[in-house]
Structure formats: C-alpha cells, structure tokens
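Both complexes shown next keep subunit A, but they swap its partner, so subunit B is in the first and subunit C is in the second.
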Partner chain A sequence: MTGAAVSMARHSTFTSVIRVAGDIVSRPSGAIGLFLVVVHLLLAIISPYIAPFDYRDLDPLKMLQQPGPVHWLGNDHLGRDVFSRTLLGGREALLVTGIATPVAVLWGGFTGIFLGLAGGRLDEILMRIVDAFLSLPWILKMLVLIVTFGTGVGVLIPTLAFFYGIPVIRIARAATHDVVARDFVEAARARGHGKLSIIWHELFPNVRDALLVEGAMRWSWMLLAFSSLSFLGFGVSPPTPDWGLMIADARGFMSFAPWGVLGPVIALSSLIIGINLTADALAKALGIDRAQKAPI
Partner chain B sequence: MSSSRPESANSQTAPLVAIKDLSIGFTGKKGTTLAVLRNIDLQIYAGESVGLVGESGSGKSTLALAAMGYLKRGLRVLNGQACFREDDMFTQTRDQLEQVRGGHIALIPQNSGQSLTPTRRIGRQVAEALRLHSSLPAVQHSSRVVELLEQVRLPDPLTLVNRYPHELSGGQQQRVAIAMALAGEPSVLLLDEPTTGLDVTTQAHILELLSELARQSGMAMVYVSHDLGAIARVCDSVAVMYAGEIVLQGSARQILLDPIHPYARGLLASIPRLKDATLPRALDGRPPAPGETGNACAFAERCALAKPRCTSERPPLQSLASGEAVRCHFYAEAKNLALAGDKQRSARILADTGDATLELKEITISYAKPGLMDQVLGRKPSSTPTVDDINFRLLQGETLGLVGESGSGKSTILKSIAGLLSPLSGDIIWQNEDALPASVEKRSPQQLRRVQIIFQNPDESLNPRQTVAEILAQPLVLYFGLKGAALKARTVELLDRVRLAGHYMDRLPSQLSGGEKQRVAVARAFAAEPDLVLCDEVTSALDVSVQAAVLDLLDDLRRQSHTSYVFVSHDLAVVRALSDRVAVLYQGRLCEIGPAQSVYTHPSHPYTDVLLGAVLEPDPDTTPTLIADDVLELSPPDRGCAFQRRCPMSLGEQCNTQTPPWQHSENGHAIRCHLPLFNTSPLKH
Partner chain C sequence: MLRMLARRVLLGIVTVFLVSLIIFSGVEILPGDACTAYLEREAQGKLLENCRTELGLDRSASARYLDWASGAVRGDLGVSATGRKSIATLVGDRLKNTLLLAACALVVGIPLALFLGVVSALNRDRPADLIISTLTIFAMTIPEFVTATLLILVFSVWLGWVPGIVLTSAGAPVSEFFPEILLPIAVLAMVMTAHILRTVRSSVIETMASDYVQMAVLKGVPYWQMVFRHVLPNALLPTINVVALTVAWLLGGVVVIETVFNYPGLGRMMIDSISDRDLPVTQAIALIIATVYVAVNLLADLLTMLANPRLRTAQIRH
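Coming up: the complex of A and B.
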C-alpha cells in the first residue's frame, strides 16, 4: 500500500478508535468496566512505588492480625501485609495474560481466517483436531504441558497462548465464512490477488471487530486460568505475591481470619468484572452481538 | 370469493380507506422530528386499483403499511389519520386491529414466496390463514383451501396441498401467498412489490391474475411498486411519491403517457424501453433525506424547471379540472420536458474482421459434484450439465448481451470466463490465441488484467471496510505497481472518469448512494485498463433513475476505451439499450443469437418470442402476450430441445428427442430450433 492510502487508513483508524472509546464510556456499564480495567493496569505499574510495606517482610508477632490503621487489610499467616501483597498481586497475572492474550488471538485468528478462506480437506482435518482439543478439560491439557516443561513465566505464556488460541480459530473461521461468500472477495480472486493479500485487505478488516471482542473475553478467562494454576501451585512460586497463591495460602484460616482471602478475591473479581463489562460495551460499540459473534 | 359483497353496492359514496393529511416521522439523532411521510391524502374505493409509485426511500411502503395501522419501529404519527371505514386505525385497540388486519385488509409482502414456512405443506399453511381470518367452520377448511388454490390458477390443487414450498416455482409460491391473502375475503388487498424478483414471464402472469381477481371480487387493490411497467398493467389510478410526498396523482393513462410533474416525467424518461432508439436519460442528483427539504419543493434541487419560488415555498397539492392533483408551482411548463432521452443508442453491427476478443468453444459447465461412490469409481456425475454447448465470438469493442430468466446460466457463463468457475469441458480462446487457463490461479497477471468483472450489487462487491481510495488501489497496485503521488493521481483520474469528485477518495462505501457505489465498482474494473468487462446484472440493484446514469456511463466508457462487454441481464430493455448483439439463453443452452436490432424486431426462436411478449412496458396501450406457462423447471431435459416442455410451437416427438440444429441467416442471426428461421411464429405481435 502507498503513503497516501496508508495515511488515510491511519487517520480513519485513529478517529474510529476515538469514536469506539467514546461509545464505550457513554454506556454506564462500559464506563464502570473501563474504569476498573484502567485502575488495575495503573496499579500494576505503580504498585512497587506506592505499596506501604515490602511484600517479603515477615513479622511473626503480627501473624493473622486483624485489619487496622497500620495494616489496612490485616496480615497473613506469616505476618506479611495483605494490602501491599494485594496491590502487587496482579502484576504477574497481568504480565503473563497481557502477552499471552494478543498472541493467542493473533495465531488463532490468522489460522481461523486462513482455514475459512482455504476450506477443503485441510480445513476439514484441522477443525476435527480443534474439536478434539476442545473436548478435553483445559486443566488437564495445561497440567500435562506444565508437568512436562515445568512452571515459570517462560512456560506459562506460550502454554496459555497456545490453548487459548484454539477456540479463537473457531470464532475467526466462522466470521470469515460470512465474509468469504461476499462478492468483494470473489472480485479480489478474479483480479488474481494471492491468499495472503485477500486475507490482509479483504478479510481481516471485516473480522477484526469480532476478534477484538473475542480477545477481551479470552483475556478474562485467561486471568482466571492463571489464578487457578497459581492456586493449585503450578503458577507463580512463592514468595512472589499473586492473588491465586494468596487465596490458596489464606484458605486454611478463612474461618477465623477471612481478611487474608478478602483482598485478593476482591481484586481478582473486580478485574474480571471490569474486563467483561468492557468487552460487552465494546461489542455493542462495534455493532457485534456477542450472542452471534459475527461481524455485521 | 363472492362478487356480491355489501360494500361494493355503495362503493362510490364512501371510501374504504381514507388517509387524511397523514404525516409520519421519527426522532432524529439531534432530537429533531424528521418526517418520512408528509401530508398524505389518499382515498381508496371498493373495486379500485391504486398504484403507489416511487423510488427506494420515497415512503411508498410506509404509506401502504400505515393503511393497516402498522408503523415500522421508531416511527410515529405526527399528524392526520389513516381510516378504514371511518375508524382511525391508529386509535384502534390491538383486538380491533387484529380483526381488520388479514380479514378486511390483507397484505402480500415483497418476496412473499420466501415468507412461506419451508417445512410445512402448502395445504396446512393456507388452512392456517383460513383458521385465523375466515368465519368458515373448520370442517370446510380443506375444501376451501383447494378452492382458493384453484382461484389463483395453480395447476392440480389436490396434489399441490401436499407439496412443500421448495417444490414450487417462484411464481407458484407467489400464487400461494396470494391465496393465503384471499383466505379472509378481504375488501382491500395491499401488495408490496408483488412481482419484484420474479422472472418476466412469471410477472406478467401474476399481474394478469391479480387484475382479474380484482375485477371478479370488487376488491380494492393497492400496488406498491417501483416498476411503472407493472403499474401500467394493473392500476386505474396512480400516485407518484417523492421524498415522502405525493407529488402527482391521476389516472394511470394520464400519468404514464403525459405526466405533468417534472419528477414523473424524469422518471419515465429514465426507463429503458424496447422500442426506443435512444438511451434512457438519468435524473441527476439524489432525493433529499428526511428533514432536509424544509420549506422548499422536495424536487427543486434536481428539477430542470426550478425557479427561486421553488426553494422558498413548498408547493401545495393542487387539484386540477382534468382530475389530476399535482404538487408543483409550474406544472403547466412541465409538458415541455422530454419524455425520452436524446442520446442515440450506439448499437452497431461490427464487421467480423477476424480479430475476436474472446471466443467460447463448446463450453459445458456443471455444478454437480461427484458423490463418494463416483469418486471411488472415478466416474463423472451423470446428470445433465447446467450449461451446455455454449459457442460465441465476441469482437473487439463489441457488446454482447446475454439474456434469460433466472437459472438460465447467464452468471455461470460469466464466472467461467472470469476464471472463477472451471468448465467441465470446452475452451475459452483469447484474441485468437491459445485457450485461457480455466482457473484464476493458472492465469498470468496480464491475462487477469484484461478481463474484469462488475458485480450486481455494489453493497456486496465493495469491501465495507475500505475507503474508495483503498478499493481503487487494489488493481492499480496489483497490475501497475503504482505508488504515492502517481497512485493518487490515477485514483482521481479514475473517479473523474466515472463522474465522481476527488474528495470521494476518503469515503467508505456506506457513505455513498447506491449509484455512486456502483460507479466506484465500475471505476475499479476500468482501473485495470481491461479489454473485456463482464457486467453481471450491474443495474438490477439500482433505482431506475440511477440505472440510466450507470448505463450512460458504461456506454461512454466503451466509446472512449474500445472495451468489449459481455452484458448479462434479465431485463430485456436494459440489454437492448447497450448491446450490439444479443444471445438468448434458456436452461443453460443458447436459443438465439444475433444483432440486437434483428433479434428484437424479428425474434425467431419461440422462447425469445415468449420473453419479449412478456415484457412489461410503462405504456397502458401495450399488453403483454402470455404464451408459455410459468412452470418450475429444475433441470434441463436429457434429450432434444431445452425449451420443449414450455414451447407453444412444439412439433412433439422431433423436439423432444432431437437436439435442434443451428440455423443461420446472412446477417449473423441464428437460432437453434427445428422450425425454419424467421418463420417460427404465428403469434407475432
């Protein structure tokens, strides 16, 4: 594409991003959702500078101490400050899912669009493999890989990206099928454009919105998956603060020291709710009905 | 249906439907009220057939639905009433409305054939209409169903009740929908584009049936249509709508022969006709959006007669002594406006010097895919091919029109020329050289560049996410590798050739009108500097006035660049306007081919005769000749002539068993028929 066309495309992309953001904020649910997400992202960046205590500070005298004016959310079973650990507890999760989600959407999306365009036997075979994958419980698949390759960010990011890209294939393929049947794709074929050119110029712009909304949804599910893995002990290793891990640690004392669970639970659920609300508002702003998951 | 209905006795005294100063509108984005119908007055008496004519967006369907007290979502009544026998439909309760709708006022919606439930048998669907809208006891329903199906002249109603909708032809489905509307013995029948989307021969039959039903039963009929040809067949009086107003009202003859409103005259001039020697003339500009007119005449911007008064004072609807009513300050001058275009049609007979652009040799195409067993055994599918034995030559700069009804294989042939569909056998020869590879993937960039295709509906053929500049950049970058300033300059030049200003570059297709979109599609095809442009029903998704502009544009582009066209259309008058030669297709087989002039004045194949006879012209003095029945032909016959089942001139055994030979005349006119050339028809009109 040329300079003129690119600058025009950029201009229209920029204005449409502004328009969509404005539309999201104009809906109460969207405004609340976006607010929650933005606050969480900001905290993840600045929490090391604002956390009142070091997350590693052990203090046996303050074991399971109630919330008070110094330790706002009390202390955990090792006497660490729950508030500081909650502030810091989302960083790993947001880092891992923040990288894994776009990777999942990109590879799943591209594969889905390609299969939707190509069709035929390759499509048939790969989709049956996808079906087989989707029929297995996610935790089982995940644990097999983690047990084989070990834990840690270097394993978790590709693992999550791989497994969460698979359902995206279906979405992208279905959205592509709606577009492929239209005459402008036929026109591009008749002109002699290659498959990649057709994907990039004709299909992707029409599937993009569906993928954006799908990506937002995948993000919230991936956060839950990541926290679940931490909860089970396969995610972040102690003493790094992490919501899933904190809930796992504090679970045993829930009956008499519920504050240990309260902080990470509120943090995790407010982030998930925020993402879900934003995704819903985004779908409406883009004119996509999430029930149909197809671009207009 | 009995002819002795109580209301037909006092028909002329009180109207059945009286629309009084009705305005309907919606609340716009900025909170202002925008009107889609403005001050409509309309009376419909028993036994009368009224046509509501206008282009898309003129409010004609909204008005027809308002007569039933129905408003589309978001619309509300701003002023006035829509009365059925004195009762304002908009003040009725739900129960009262349900009494009237279906029972007293029945609606036949557009594409009603498709609104039949595909999984229920015809008999049960018609019986359901009876259960809802008829007072007959349930035991009589099944016999009444058969009566109704007979009344709409469906063949063999007793077996038909057990059929499913997909087993019927489009025309038969439409007849079933009419039968269902008749179930409640309504006194008013509203028909929303009743024949749009049907084949020409079917259209003529349906309209004939409807006008006879009206005569027999004394029902009042309201036809909503963009097609003045259909209106001319069935209506006594006509109301022409423009931008939510009735601009002209009068008898069908007055309005079709010599209308006194500038818009109506422009509309008539934009319709291509079989006998015209000129191209239809386009109406420039576009109708105003709701709320755009304010205190001016809605048509002022596009009107050739517009004077300062037209933009400052909205003309009232004036009733004239002649019985017409017109909304124009200067209606007396309107008669000076021409009723036909002034640009001569450029159809030529080109001398065959031997340099053909394209030659099709024995092209056969089949959609049938080999089944699993066939694949295993390596057999070819046994069914008769969809398109068979197509041969024609296209000279350089020549336009060949391909006409035929739906399913005749017109578009299929185009797709195979474009390489989108591989023929089963046969060759596509390019400029007397070697055969073109069958599929796009195997053609060279130069071969691809020379053949371009324009599709039917620009909403489908333009990517909604690309700006006009990006759309035009596709072929320019692909074939010529243009970049930067050169690309931009070429884009502006192309837009100029299709008469669009340069600032359209940044628009998305959704920001263009239908005609503008199709012009962008034309520009995209010509961006490749092609030798051959394939036009697939390029005007059928457009309004008539816009259609004329696109035809004119294609004609100009052909003169400038000596491009050859293959022009596919179901509309014989449109094909006539542009083609040098015409080929008539039936069931994927060529019936007749020859110079346009000769084929249209001396149609020699019985099918061409049937087709031309059924064309609806916007002229109350021509009547279509209905010869062959409209029956569903799912597949062409195995042996003999393709037209054998419907041919009014069939010779029997010979036609059914022997493939007819080609017969040529000296002027290049040829038919494929057992009957002698130019001597086929005692039915000549």
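Coming up: the complex of A and C.
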C-alpha cells in the first residue's frame, strides 16, 4: 500500500518534470533560453577538446591582430587566440556558480522554511539580521571576504553561496507563511509529527516550486556578480580565461582593437539572457508570479 | 497610523544599529586589524604598537564599538588608516558625486520607466510591448560593465560624441562633470528603467483586469479617462517600493559603473579602500550606504502609506 503510493509519487514527479520542461519549450522565449543554457553547458564540458589553440599560447607577433581565417576572433594584447579563450572563458564561472547556487538555495530555503514554521522571537530577531545584511551592497560584503581570504574557487564558492542564500531565506519564509496555516500542516501536527518531519513532508513540497524559480534567478545574479568581480580583478586569476577578465583586458585597447571585447561580451550576455528567459518560462510553467519581485 | 509610522521608523533604526554591529563584528572576526592590514609585512614590534595606540586599537572591542558608533551618530567617522585623514572630509565630496550620478539617473529613469511601462501594458502582446519587453530583458540581465563597455565603444570610440572616461577630480563643482557624466548616467538609468518598467507593466496589466476597471468599461467610460482616472492611480502605487529597491541595487551597481568610468564617487572609493585594506574607511562607507538604503526604503513605505488609504488602517504583516 505504502509502496504503491511511493511509486505513484515518484511517477508523478517524473511526469511533472516532463510536463514543466514541455511547458518551457512550448514558449518561444523559454525555448530560446533553454537552448542557450544547454549550448553553454555543453560548450563548458567539451571546449577543452575543441578549442583550436592553447589558451596560454603567447605570440608577440600576433598582438592585437584582426580577426582572420586562422584566428577567428583575432588575438588579444598578448597575442593569445581570442576564439579559444572565449570558448573556455565560461568554465570557471559555470563551475563556481553551478555549485554555489544549489548550496545557497538549500541553506537559505531550509532556514526560511524553518523560520516560517517556528515564528516567534527567534524569527523576529533573525529576520532583522537578514534585513540588515540585505541593506549592505553585495559587492562590499563579497570584496571584504575576498580581500581577506584571497581569490580563487575555494573562497568564491562559499562566499557566493553564503551571501546569495540570505535573500532566499525571505522568499522561503514568505512561501511557508502561505501554507503553514493550511489544514494538512495542522493535521500533521495533530498526528504528532516533529518540526523536521513537517518541514520535509508537508512544507518543502509546497515551497519547492518557489525555490526552484528563485534558484534559477539567483544563478543568473550570481553569474553577474562573479563576472563583475572578475572584471574588477577580484575573481579569476590570469592566465585562466574568463569573460569578465577578458573584457577588462580588452577594454584598454578598444580604440584600435574593438573586436577583442565582442567575443566575451556576446558569450557572457547570451548565457545570462538564456538563464533569465528560462527562469521566466519556468516561473510561468510552475504558475509562480514573479512580476512584483525586487531586483536584488 | 501614527503607531504604525513610529513602528516603521523604529524598525529602521534597529536595522541600522544591527548593520553597524555586523560591520564592526565582521571586521573583528576577520583575521588581522586595521593596522596589520595597513602595515602589511612591516606589521610587527614598535611600528605595529604605535599604529594600534594611534588608532585606539589597544582598547577593548566594546569600548571601540561605543566610540565608533557614538562618533558616527555625531557625524564623526574617525580617521583613515592610510594618511590619517578625517574620513568625514574624505567621504563628503565622493558622496556628493555619487548622489549626483544617482539623482540624474533617477530623473531620467523614472519618467521613462513610467511612460514605457504604461505603453507596454496598454499594448500587451502587440509589437510595441514585445519590443519594449525584449529590450527590458537585455537591459536588466546584461552586466553593467558590459553595457558600459558597449556604450563606450559606440558613443565614445566610434562616434566620438562623449568622453568615455571621467577625468574630473572629486572636489570639482557639479558643472564640470558634464559631459563626462553622461555615459555613466545612461548605463545607470538603463538598468534602473528596466527594473521599474517591469513592475509598472505588470501592475497596470493587473489593474486593467480588476473588477472595478471592468465595471468602468461596461459603464462606457471613455478609454483614456479609464486609463488615467481608474487604472493609473492604483497601478502606480507599487512602483514607489520598487524605486526604493532599485536604489538598493543602484548603490551596489554604482560601484562597478564608477570603476569602469573612473568616476570619483563613493563606490570607487569603497573599492579603493578595500584594495588598500583601509578598514576604517571601508567600515564608514558600508555604514553610510546601509543607512541610505534603510532611509530610502523607509521613505518609500511612508509615501505608499500616505498615498494609499487602505494601508493607513490595515496592519502591515511582516
């Protein structure tokens, strides 16, 4: 009996994933968005094998060379192949944000659900602290940690995961408030379930959709933050190719070699736009209204 | 109404107080202090001791917090680690410049966002809306430094209309910042417009679908009268809060924009202070930005309360 119920639940999860994916693809903007995201993910995986040149290969004779048949996007100020570097330039960003986003959504999500359920003094105090954290600009919080502990993946992932989890607390808490007064939560309480059981079995399934959409948006904001940090020189360290860093490098030569910025600009923009379009389509497919959402 | 108002103001003060605690304890918890950060490798022996006495770091943390916080309330933000100058003087011009940039962006951005948002909503799913909505997504998602780079490329490098970099010094009068300030304003206004526009659009669409607007349509109220008298007053209320939240983004985004354009504002000063590891200056700027953020949000809440009779009596659920 329980076994059947569980397998039915699994089945419906699987079909609902298919249904949501179908819904996303059925919207033109969602299809374009998902296509861009998938292409970028694939490229991040296979780019080391298909990049025509080594991203470290310096060639003083080809400094700031124009795009041509050999070097499709030209060469940068050190004579490195811009096309190869553009192909490889998203790997670090996708790796860091790909790990940090789920971590942020999970810790922020569960903290938010817990506070929404618990309420009371603790909730009041912690939400004030969340508000206080949110009133500091993201770049300040991140830079202070990065300057103290150094750049690199080992610092960037926990830093991004921590700070981007804080606004998720608010979303999860609000979504929990919407369901916490409903009968089935009351019934679970009456059955004698503990807080953790209620969170896992009753609240999480109902808050999940909101968290998924939030996660997709957080991902794009995190990428924005990551590439901005790289651009400012606090993210990826050279010679590792990264779009933000490449744009920063090529900017100085823009007046006589404007093609240098175009490759990374298009790559970075298409990825972030792709994620946003997908997130919007996902929100519509799951029936979540993001219209009134704040930009932070 | 008065009680709610008092409650909101109190909450704002509590938030600023908590921010000051976070900033202060953050600096305490992180390894090193203002002196080790500033002196770097020479941070040992006599030199370190002198520096600590000079900045008062040899006292207990609570005494230093009280000193710092009470000083900040009086407008005295302490002295910088590099150069031992009064932070309040250092910050003054920079704050003025950032506010100039932000104010110009708001003056351009808000009317543009209102206009385009309403146009977009009234022409929902028609070409005008699709064009505006697509541009909105571009403006919202593309990082500011990318937009800035592209604008410099087009308007400064190719067309040569405006300078791509600000060379005016921090203390210069406002008039000297033109026309250098135009591109930074454009980038800032673009992103802001996109965020506000989106809310305006969805809010107008929502109001158009409400019962009383349907009623007005059925009564035969002329279209434009319906738009201006029935839809807009209600639809534009949520915009106040979004503008406030956008200001929050603006305070973070302005850091990148100021760095790209070499604009002598608070944001670039913050980056410089972090790079120089001048902790007293970083602390002071963090506190200023957080206070502005809280104040703007408080103001938005009060404005919404004043403009919306329903909120004057209703309990705010937090």
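Following the convention adopted for this analysis, the second predicted complex is superposed on the first by the 285 of 296 C-alpha atoms of A that agree within 3 Å, B and C clash if a C-alpha of one lies under 4 Å from a C-alpha of the other, contacts with A are read in each partner's own complex, and residues count from 1 in each chain.
Quick note on the criterion: a residue touches a chain if its C-beta (ideal position, glycine included) is under 8 Å from a C-beta of that chain, and two chains touch if they have at least 3 such contacts.
Here the structure is a predicted model, which means the values were calculated and not measured.
Peer 1: Is A:182 in contact with subunit B, with subunit C, with both, or with neither (first, second, both, neither)?
Peer 2: A:182: touches subunit B, not subunit C.
Peer 1: Which partner does A:224 reach: the first (subunit B), the second (subunit C), both, or neither?
Peer 2: second
Peer 1: Would you mind checking which one, subunit B or subunit C, touches more residues on subunit A?
Peer 2: Comparing touch counts on subunit A for subunit B and subunit C gives C.
Peer 1: Can A:61 be said to touch subunit B (first), subunit C (second), both, or neither?
Peer 2: neither
Peer 1: Which partner chains sit in contact with A:137 here, subunit B, subunit C, both or neither? Use first/second/both/neither.
Peer 2: Touch status of A:137: second partner only.
Peer 1: Where does A:192 make contact in the superposed view: on subunit B (first), on subunit C (second), on both, or on neither?
Peer 2: first
Peer 1: Is A:202 touching anything from subunit B or subunit C once the two structures are fitted on A? First, second, both or neither.
Peer 2: Only subunit B; A:202 stays clear of subunit C.
Peer 1: Name the contact category of A:254: first (subunit B only), second (subunit C only), both, or neither.
Peer 2: Second partner only, subunit C.
Peer 1: Give every residue of subunit A touching subunit B within the complex, in rising order.
Peer 2: Its residues touching subunit B are 1-5, 8-9, 12, 182-184, 186-193, 197, 201-202, 205-206, 208.
Peer 1: In the complex formed with subunit A, which residues of subunit C make contact?
Peer 2: 11, 14-16, 18-19, 21-23, 26, 30-32, 137-138, 140-146, 149-150, 152-153, 157-158, 195, 198-199, 202-203, 206, 238, 242, 245-246, 248-249, 251-252, 255-256, 259, 270-271, 274-275, 277, 282, 285-286, 289-290, 293-294, 297, 318
Peer 1: Residue numbers of subunit B touching subunit A in their complex, please.
Peer 2: Those residues of subunit B that touch subunit A are 418-420, 440, 443, 445, 448-449, 451-453, 455-457, 460-467, 469-470, 473-475, 477-479, 482-485, 487-488, 505-506, 508, 524, 528.
Peer 1: Residue numbers of subunit A touching subunit C in their complex, please.
Peer 2: 127-129, 131-140, 143-145, 147-148, 220, 224, 227-228, 231-232, 244, 247-248, 251, 254-255, 258, 261, 265, 268-269, 272-273, 276-277, 291-292, 294-296
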